[in-house]
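Structure first, commentary second.
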Amino acid sequence: MTSVRIFFIGGLMSFRALFNWMNPWIFVPTTLLGPITQILLFAYVGRAAGVGDDEFFIIGNALNYAAIPGMFAMTFTIGGERFAQTLGLVLVSPARRIPLFLGRALPVIVNGWGTAMIGIVSGVWLLDAHIPAGSWPLVCLVVAVGCMATAGIGLVMGAVNLVYRDGATLGNVVFLVLLIFTGTNVALDDLPHWMAAIGRFLPLSHAIEASRMVADGASWGAVQGLVGRELLIGVVYVAVGLVAIRWFEHLSRTGATLDRI
Amino acid sequence: MSRLRQLWVCYRLQLKVMMFSPFEGFLQVFFPLMFATAALLVYRVNNDPDAMLFAGIGAAAMGIFTSQTTTAATLVQRERRAGTLELVLAAPTPFAFVVLPSTFAMATLGLYSVVAVILWDWWLFDLPLQVENWPGFVLSILMATFTIALFGFLLSVTVVRYRTAWALGSALEYPGWLLCGFVVPLSFLPGWALPLSWALAPTWGVAAMRASAAGESPWFDLAVCLGVGLAYAVLAAWLGVRLIDSARRNATLALT
Amino acid sequence: MSATGGTAAVEARDLRRTFKTKQGSVLRPTRTTVEAVKGVSFEIAPGELFGLLGPNGAGKTTTIKMLITLLIPTSGSATVLGHDVVTDVREVRRRIGYVFGGDRGLYERLSGLDNLRYFSELYGVAPRDQKARIGSLLELVGLTGREGERVEGYSRGMRQRLHIARGLLHDPDVLFLDEPSIGIDPVGARELRATIAGLREQGKTVLLTTHYMFEADELCDRIAVIRAGEIVAEGTPAELKRLVTSGRVLEVETYGVAGEVVDSVRDVAGVRTVAVEDRGPLQVLVVGSEPDTEVTQSVLARMGDTRVGRVSHRDPSLEDAYVELVTGAGA
């Protein structure tokens, strides 16, 4: 029971405490304008280059942009506490680590999913693309799996942030890596081979591919393999993140890097 | 004369502040570089050499725009956070002449990113730059950089009263890349967007770069680019006086 | 010292300043108007060191910011060396220096020297004079030899001294020092006081705000006490001491004193002020009395069950005057 409580209430509360600076003046540009303009940018690049269709870029970029709240929120719920000097307080509490940090992930996943869906819906509307009505529930589900996987990589970055202080730069770099390697704008098959090979081990690659298929009318049976692989990648990143947190926590206790800002 | 010296010394010292952390400069260059790469990867699928050259030149200029949007909007905020905003405002030098060297320092980083993207394109995409008129090409890059610094000047003065301006700044980045025609020809954009494109100085700067590369005359584009840039400067100087007056009236200078 | 003949270096007339603040959620903000300065008037003669003394939030900084042109007064007017602070902004800025306390207001990533260079340019210090000027200021504030280091490595005291050097770059006639000694260790604060005293000897006009009594007592020619946006007293330190409590001050050490006891002491005939100060484990009752009255016995009689330690008498200090003024007792 206690673990469940730490998971839900603790997660939500720390999310809100650390994000109280979020006001509409920040929220609208980052959560609405950001994904929409990125979608438009690459949709027009695609049109000019004569590659893909609008829907291809809408889905790729909406999911890619969802990685921003997914990773940054996760990094900052951990790294941000370091700035507020509260991380030490949280870590010395006897609360179990796994529900503690996974609890932080839940609102992050919801946030990322919301951002992605806003991007897809507005992109479809603005560019006059078409996704069959029957495909939407499956799109929602696949996108959610993708967001979970990005929260997983966010957890790893949050852990790195325990020992490496420039979390924001790191987050940007990972975001850009995802932009290039996960087939956001070019299908994995069309990427140089070494890029595609890396992409297959990153979160989002399979979710983007599956979402595109679903949006084109594919059934669950056709994409379940891809979704399963995305889920597996997400779980691996979560596991790596949790182990890394434990390890870095140990390191920072011996090296006293925790509250160095 | 002493004004020129003031601008030069402030420019040098602000550049020193900005070059302090290798990571800040790194991201300023790396971010547009990766977006340029993503755009070129899309063009690479069909591998039309003309389209690749078009996008290659435009991609090089993306960093110029980035150098201002993300940082210019936060310029005032950074001074405010450091507690220096009130001090520079209390000095007799008009605020415009304090901001201007800072935006030029940022634009210098943008210039660096141009070179980085050109070299990167060459290495990754095997896309060597074919330029007929090198002096014109270099002049066009410098003009684009100069006028974008004036755009940054306008931007940073405009947001002096708003503390969440940094979010606005980063939201301007993608639309700017699109509207300036860096990687998408303007003819693909909807008609209502064209006046916005024309009002952005880098649009003309990058057009001049392409004209020079193709061996055509860049002079008309360069002249318009300069004209638009100077219009930014005049507008910023005018707005600056009014907005700072309003900040003095509304006590928003010291907001943290 | 007072403004004799000639123009005052600084003159404030009925300065007022209100702030509108917005609080609460974005959807349902509540707007409140706060009157930070409510009609402040004073004059500072050329060469005078004038202190503005008051608790936090009394309006000291707001008053200074109006005088240095950073805030426009809601009403009232002020001049610095005869120039209006609202309309004649550049002339005012050219002639004044502004230094505030704390460790902000410097470019951390630049060296101390570069910080001074930067502001030299903004203040239009002639290039040929800059080097000598900066050198002599570094000497004055004792930073010679450290000027090449980045400010981020400076201690608080060093930052504060660099601030003073920055404020003096253009050799201003009038200097505004807003709580310059805040957060500095005692040795640094003593050096700072020596520096400020040196400025007065050079003939600078100085407006100093502080809430350290001894600092004001030691340095200022005249002091204005500001409370809740209004000046409640003005005069030389000696005049202020006389103004409020001519009688002696009784101090009673206790190990915790109840509120009712304090209230009942206040009712003793001849008692003008009662304040409680914490000193380590002790709570000291500081009782100011009317001139030529003896209240010790009556005060002790009211202590009831309170455990009382040492009882002593002393002459009133500026601090007593200040406490009396800002708590509004006897007014």
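Order of writing sets the labels: A, B and C. Residues in every chain begin at 1.
Just so it is clear, contacts are C-beta pairs under 8 Å (C-beta built on N, C-alpha and C of every residue); 3 or more make two chains touch, one makes a residue touch a chain.
From a predicted model like this one, the values you see are computed outputs, not experimental measurements.
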item	value
Distance-maximising chain from chain B - centres being C-alpha averages	C
Centrality ranking, top chain (CA atoms only)	B
For chain A paired with chain C, centre-to-centre distance based on mean C-alpha positions, whole Å	52
Whole-Å gap separating chain B and chain C, where each centre is the average of the chain's CA atoms	45
Chain centre separation (chain A, chain B; CA means) in Å	29
Sequence positions of chain A contacting 2 or more other chains	23
Touching two or more other chains - residues of chain B	none
Contact footprint of chain B on chain A as seen in their complex	23, 25-26, 29-30, 33-34, 37-38, 40-42, 44-52, 166, 169, 172-173, 176, 179-180, 184-186, 190-191
Complex interface listing, chain B residues touching chain A	23-24, 26-27, 30-31, 34-35, 37-39, 41-46, 48, 51, 55, 162, 164, 167-168, 170-171, 174-175, 177-178, 183-185, 188-189
Residues on chain B engaged by chain C in the complex (per definition of touch)	2, 5-6, 9-10, 13, 16-17, 20, 82-84, 86-93, 98, 245, 248-251, 253
Residue ranges of chain C in contact with chain B within the complex	19-20, 65, 68-72, 90, 93-94, 96, 98, 100, 102, 104-110, 114, 117-119, 121-124, 126-127, 166
